[in-house]
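Okay, got some structures for you below.
Both complexes shown next keep subunit A, but they swap its partner, so subunit B is in the first and subunit C is in the second.
== the complex of A and B ==
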C-alpha cells in the first residue's frame, strides 16, 4: 500500500485533451450536436429577409425601403404599425423577442442588427 | 413651468410605451385565439380599429383609465395555452438536449474498434 502510494506520487499519467477546438456549431465529421442550431444566418441574408418583410407591409411604399430606413420618420408609419412590423419579423425569423426589447426596434438597421446577433434566428 | 412640462412629457412617454406593449400583447393573443390565418386578419383589423377610435384623446387621466381598462380586458381574455416559440421558456424544445459543456466530446463509434 505504501509502495503504491509512493509510485503514484511519482508517476503522472499524461492527460490528453480532446482536440475539439473547432467551432462546435459547424458540423464536422462524426460530431453532430443534435440540439444545436447550426444554420447561422449571414448578415446579407438577414438584411434581405428583413427588407422583404418591410416591403410587403401593406402601408409601406416598397420603393422607399432601404436598410437605413426608420419606420416612423421615413416610412410615415405610426407606432402601432411598427409593432406590427416587429411581430411580422418575429414570425419570419421564428423568434420570440421580449416586449421591452421589441419596443426599442424602430428602424430597419436596428432590426437587422438585433436579428443577426440573435443566436436562435433562423 | 418647465418641470410641469417635463412631467407631462414623461407621463405621456410612459403612456405611449404602455399602449404599444398592450397592443403587441393583444395582437399576439389575437393570433393565439384565431384558428386560421384569414380569421386572424379580420380580428387584427378589429383590434386595430378599437385602438384607433381613442387615438385623439388628450386628457391624461382619461388615457390612464383607458389603458388600465384595456389591460384588464387583455388579462381577462388571455389565451390559456398560447403559442410559444419552441426554444423559448415554456416551449416544447426548451432545454431539450442541451449542448454539452466545453471539452466534452461524444464518441458515436464507441466500442466499434473492438468488433472490427
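== the complex of A and C ==
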C-alpha cells in the first residue's frame, strides 16, 4: 500500500486539453441541447418556482407568500412543515439538499438563494 | 435519488437511544426526509401515480408524525421511530400490497368511513369504532 501511494503521488499523466476548437463538429454557440448540466436557472425563474411550490403547500395562504416570507414566523408553519417544504423544493428542482443546509433554509429568500447557487438545480 | 434512499434503508441500523430531546427531534426529521426521498420508488412499486401525488403522500407522512408531536419522552420517540422505520422498510421492500398503501395513506383513517352510503348512517357506533380501531 505504501509503495502504491508513493508511486501514485509521483506519477502524472499528461492530459491533453481537447478544446472546442479541435472538434470541428462542436456547435459554435453556447447552447448545448440535451446536455444536462448546462441549464443554469435565472434568479427570476428560481424565485417563481420556489414561490409556486410554497403557495401550493396546503397549509399556506397563497396571498401571503412573498419572496421575503419566513416559513415559521410569517406563515405560521411549524418545523415539520418547513422540512416538508424543503422536501417539496428538492423534488421540484431535482436536488438533494444535505441536512446541514436544509436546516438553514427557513425562508423563501434563503431557499431561492441556495437553489440559485446550486449547480445541479434544474 | 430514489435508489439512494432505498440503499440507505437497506443499510439502516437500529440506532442507540437518543440522549436528548434535541437528538430525538433531529432523528425524526431525518426519518421524515428518508421517507420523502423513498416516495418516488414507492409510487413506482405500487403504481400510485394515478391515485395520488407525491406531495399528498408527503403530507400524509407528516400528519402521521404530527399525530405524535405531543410525545416528549425520548424513549417513546425512539420506539415510534423504530416502528416508523419498520413500516417504511416494509413498504419499500414491497411487503405490502397496493390497497394497504391506498387505504392507509391515500384515503386515511377516515377514508372507509367517509365512503359509507347514506343508508348506513344509522349503523352502530360499535361497528364504526371497530373499523377505525382495527385499521392500522
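In the analysis below, the second predicted complex is superposed on the first by the 86 of 122 C-alpha atoms of A that agree within 3 Å, B and C clash if a C-alpha of one lies under 4 Å from a C-alpha of the other, contacts with A are read in each partner's own complex, and residues count from 1 in each chain.
In this text, a contact is a pair of C-beta atoms (placed from the backbone, for glycine too) under 8 Å apart; a residue touches a chain by one contact, two chains touch by 3 or more.
Note that the coordinates shown come from a computational prediction; the quantities given were computed from them, not determined experimentally.
Asker: Based on the superposed arrangement, let me know which partner A:120 touches: subunit B (first), subunit C (second), both, or neither?
Answerer: In the superposition, A:120 touches subunit B alone.
Asker: Between subunit B (first) and subunit C (second), which does A:56 come into contact with in this model arrangement: first, second, both, or neither?
Answerer: A:56 sits against subunit C, while subunit B stays out of touch.
Asker: Residues of subunit A touched: more by subunit B or subunit C?
Answerer: Counting contacted residues of subunit A, the larger count belongs to B.
Asker: By the touch definition at the top of the document, which applies to A:88: first (subunit B), second (subunit C), both, or neither?
Answerer: second
Asker: According to the stated criteria, A:72 is in contact with first (subunit B), second (subunit C), both, or neither; which is it?
Answerer: In the superposed model, A:72 contacts neither subunit B nor subunit C.
Asker: Taking the superposition as given, does A:80 touch the first partner, subunit B, the second, subunit C, both, or neither?
Answerer: Once the two structures are laid over each other on A, A:80 reaches both partners.
Asker: Considering only the touch criterion stated at the top, classify A:96 as touching first (subunit B), second (subunit C), both, or neither.
Answerer: Both partners.
Asker: Take the contacts of subunit A with subunit B and those with subunit C, and give the residues found in both.
Answerer: In subunit A, residues 79-80, 83-84, 87, 94, 96, 99, 102 are touched by subunit B and also by subunit C.
Asker: Considering the complex alone, what residue numbers of subunit C touch subunit A?
Answerer: That would be residues 1, 4, 29-30, 32-33, 36-37, 54-55, 58-59, 62, 65-66, 69 of subunit C.
Asker: Contact residues on subunit A for subunit B in the complex?
Answerer: Within the complex, subunit A touches subunit B at residues 17-18, 20, 24, 30-37, 79-80, 83-84, 86-87, 94-96, 99-100, 102-103, 120.
Asker: Where on subunit A is subunit C touching in the complex?
Answerer: Residue list for subunit A touching subunit C: 56-58, 79-81, 83-84, 87-88, 90-91, 94, 96, 99, 102.
Asker: Please give the residue numbers of subunit B that touch subunit A in the complex, ascending.
Answerer: Counting only subunit B, the residues touching subunit A are 16-17, 19-21, 23-25, 27-28, 48, 51, 84-85, 87-88, 93, 96-100, 103, 105-106, 108-109.
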